[in-house]
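As written, the chain order gives the labels A, B, C, D, E and F, with residue 1 at the start of each chain.
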């Protein structure tokens, strides 16, 4: 049995938009806790919002590691904080939706398109797609022409836009697989898949499944983040000497957590 | 519970070299059967050997699908028959070591090196690495300077060569992760990992874990090979009209199977 | 004088569609024989069909080498069996339409488009274009929206589609050269060229001319496939020990040949 | 006359190591102020340290914009916070050493090598080099084999290592230009240049000159960061609604500044 | 104070089209002289025209160096003669519009489109864009559908076409920055910028500003073209021995100059 | 029967170094004339030398076209004047060694190395290799460490250096094919090939064979340089109006020719 923490890296209310079944995607023997923040932004469309949030993400991952979680999932398609968290973590596995969805899509078709909300998001996401190695497989980005907070305002309209964007991606751009490029897309993939006839990847679920896989291979085969090179962890004495944990709120991170009730998956 | 078939796509004896614990890598609820062939080549270092073997691989995958297997793993780092099998399969998941190992390595470090037997193998494998999207992350290929059939002749010597090649990859080429580029490498990764201090991926195990993951996401989320585009399956009437199954031995494929006893994993 | 064998790697009838003048493209001093198969598929749109056919292709090339042919041309734009044949051959030159057409197109314009039958074909062909090094020069793929067997059903309609696709490639996609991405395209390039005003490469002819060139440079300058590295030929004792020639029908390949009459070219 | 702010994005003492003449590199009509932080890390070798620091960088840039500065230079070769700052800024120009040095090196030779402290730094910097478009021109990274804080411990030794690394880059790797990949390299380029005979770019100076250039073209030609697409600025009402400035210390950023005395350049 | 020479590498009349304010873009302390040729072509749309002109360009640069100019700007977006001039020059800085504009655009947005006159120009310019490293950032080329000599025939029509092309580049192709890919575009960028709302780079101005920057860094930091590798200057004795200066008109180059009056910039 | 003109684009003496059998490489039915220049440089190691020579090359090609030659070969591995000549030519085929050798090498192995004289040459040649599409196949450049004029001073020493460089390319860099990157390499390939056991391409011969092929496909299939796009020929009236032929010596080009006696090939 593994324990996973799904981080919605935004300020959330009681009925956080992310509590839409991602935890049901876990393997039956695993448990998923859901955490959001009591401060910050309600979406992450801007890089500034990312920058403000990343320290809390990394500290949340570190606290999760301290609490014995096996994995943490950073629930935003910008994959913000992923590299920083893997650098700091020594035990806990960390994943994020873009990387996970692309690694999955790579086995399901020769090309994929990513459906996002607004054009604004594309440059950073495209840079990530190239960095992850899938630039040649990217058929296109397609936009819904609205922002994160609009995804669930009128779900019938959102679904209509998703299906239209997906159809154009398949027919005009040559996509064989569709990736939903925002964790706010939760709840739409199945209907799209039925209508479009190609796999439609919910990237939040992809990240969760990827996390479970990384935990399993860590525990059974000892495969975890390489600590030689880019993911080398900083020395503890520096962190202590510069008082980083106190100065940047690492010690009080749980005060800024807003947990949803743990759910027994499966 | 899922049933997986691990295919050693070579002519094997009673004590087939591939029966070295890959089945133990499965999730506890899954079972893995092992099958090799009674004809063909004992290794696949040459593209001609691949060409002779691919039809039997595809027919084995199709027969496995007919028998209700959930996944088939093609046990050779050339990933031969992978695309053909995915094209033909409509239910069964199919994986192969190179793709699976690289998709895994991608989350564990920023660069990787692949250790192979002989220089001869590199061009095709390198083309695969680039095709899969990981050309920019490839630190190097390193060779053991002997062939597949030599891997288990003197295992102490093989281990020595593996560790030397791995050390050069890490120190001289900048590798953060090591991938063992041959399924004959079974049994060596753990010791290497202990000595070298970076993750060392046994690609046969990676392919098995990837297969389990693909089965799970197929069953739970409906995500399976896209049938629009490159993996479109040929029409049944053509296969029948041209008598392909009989002509190319698809119907008699089990006669050319050599099964090892199924093993309850875990 | 050189002898070339043009292989139509499909099951052909008495009036095989490939017998459409490719042999007339040879240099006057050379002879071209045409061979198809008595079994197999009538087209090669699917990778499974390719896999079934490649062993017969390689064995045909080897038999041609034994019979003293100077070159073999594999008549399918997927270039199936090309690498395997070059690996096995020690004397005979081997070419295939995609590689040959692109190497030719490279000197005739800065960009090219490839006109194929169906979208299904594109991913593998695109991978080949990238592998051959011409990804940056590829303006587009354009489809006729029908399969190989439809090319000669209504030739006026096919020509109309070819010209429309070519025009879009030139005007919308920026193509300077058109490549016909199927050997079933035989007979159309000249009319297209007259109408479109750019070079239109019949890839089957390109492969034949390339073969003649490779023969000439082999005979005069000793330039032939490098046997150090990826094209190293397997050792004869393995082939004998594993009884590969008998097991896979190499010895009986001529029984599956269907020859068209040799034609004195020129 | 333009006013520039050079940000040493680290915790600095009275005699901050960055106060080594970068301000003297300005055009005579411009003034450069130097600011560091009273909290944070003393170097930025780790991505975690970057993550902690980026919010203070962005807020410093915004405060500089409010105070009428024309440009801000982010003094670290990781270019941390550059994209975020450009997204937020509407008037002030922002530069950072890696981008600036490469844009400069591009006109001075066909290839360049970057000399860094430790291997740890390379993956992120290499990703930046590729992202900026200069992957094909990168001859190599070379390391000094020590960290940022060691650069000025024994300057004779550092210079020796710099010259040795530079020589290997030129002779073994084919570099035509050397880029010093750390702002702690201040003070070494001239001696290296004299010894090695190729341009040696001090990237901190490059960033300052680039900043002056961006200010000039902004003022005279109206050329500044595009606000359509990736650098779109978030709406003010969101920042206010979520109380971001107070919550993340934007309003108190000057409390965490440590200024060096402004210097009249030239 | 620096002296720059702006070379309009075409046959010009008294009212040369290039005399449209580029000299006003200089820093106030610098002077810009403008020179064109009394022979040659009136535009450079064809590579043959480039070939004829390059020797005069290089000799002009060398003569400018002899006369004490600090920089020379080659005023054509093909950047013809840039590499040759840098190879020959030992003191004078040399720039050209395409390189300069792209180096500038790189800091202003994540993508750019280039607006040119005719399709004919695109292949060479595209090759340059890739060579300079910005292939991944190139959103598109857009054409005005007329030649260099038409730019100023009906400026209202030209402006209309520029704005239409720019709008398509921004909306359909995803451009964040517009680059005007011909020095005949002088005079249009400001109006376009106002209408389109993104930076519109006049590449002739970009080249001038880049030249000033290169002069400044040469004089202050000693950074100038590397002479190890691709820009190595030929030995003087060869030039003398083969009588190249006389044979190719280097000594009489000023006879073929047509100067516009020097203008005090600023 | 076709007539080819091999252009040694250098000032040559009576016993021009290029007269070393390239004409013997022609098909027996073809004739090859050899022409060099009475002015210019004796080698082309510098881009300036190229620039001076290109107009004479293009005019030579045009004169050859006028005289009824079928093809012109530009005998320098920089491929100088190739694009310009193809732009101007409407009938005559034009080739050059680098393009031709790489197009040939592409069919003979998966990787190649180029052996050049000096490091100086590499950046431009490497840019060409990438432009031609073979960057991924380039194993390395290796240098002989001397210039063009040294190739035939001590041929035993040159051969020794060639073999040493070739061996390192094969063993250390993974080359499967060797390309001799200078037409001064004439006479060495056969011995190298015997010793090294891989194909060694004499690029001058490759260019000649390529030219013959282009002539044949032009005459028989109408395939010649596309005139839509990058190779569009300038309008005759411009050339006349600006008096280009007289001004740049096109009309007197034969006065600067130095012909070697025509040789009946074969």
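Criterion: a contact is a pair of C-beta atoms (placed from the backbone, for glycine too) under 8 Å apart; a residue touches a chain by one contact, two chains touch by 3 or more.
In this text, all values refer to a predicted model and were calculated from it rather than measured experimentally.
In terms of the stated touch criterion, the partners common to chain B and chain F are C, D, listed by label.
Listed by label, the chains touching chain B and chain D alike are A, F. Matching the C-alpha atoms of chain C with those of chain E calls for a turn of 120 degrees, to the nearest 5. Contact count check for A-E and C-F (C-beta pairs in contact): higher for C-F.
Centroid to centroid, with C-alpha atoms defining each point, chain A and chain F lie 55 Å apart. Note: centroid distance chain D to chain E, computed from Cα atoms, is 29 Å. Averaging Cα coordinates per chain places chain A and chain D 30 Å apart. Counting partners per residue, chain E has 110-111, 119, 122-123, 127, 130, 135-136, 174, 176, 229-230 as the residues that reach two or more other chains. The list of touching chain pairs reads A-B, A-C, A-D, A-E, B-C, B-D, B-F, C-E, C-F, D-E, D-F, E-F. Partner chain A is touched in their complex by these residues of chain E: 110-111, 136, 174, 176. Those residues of chain F that touch chain C in the shared complex are 25, 27, 95, 99, 103-104, 106-111, 132-137, 170, 174, 176-177, 189-190, 193, 197-199, 201-202, 205, 209-210, 213-214, 216-217, 220-231. Residue ranges on chain B touching chain F, taken from their complex, read 119, 122-123, 127, 130, 135.
Residue ranges on chain F touching chain E, taken from their complex, read 11, 39-42, 45-52, 54-55, 58, 81, 83-84, 87-88, 119-120, 122-124, 127, 130-131, 228-230, 232-234, 238, 242, 244, 247-248.
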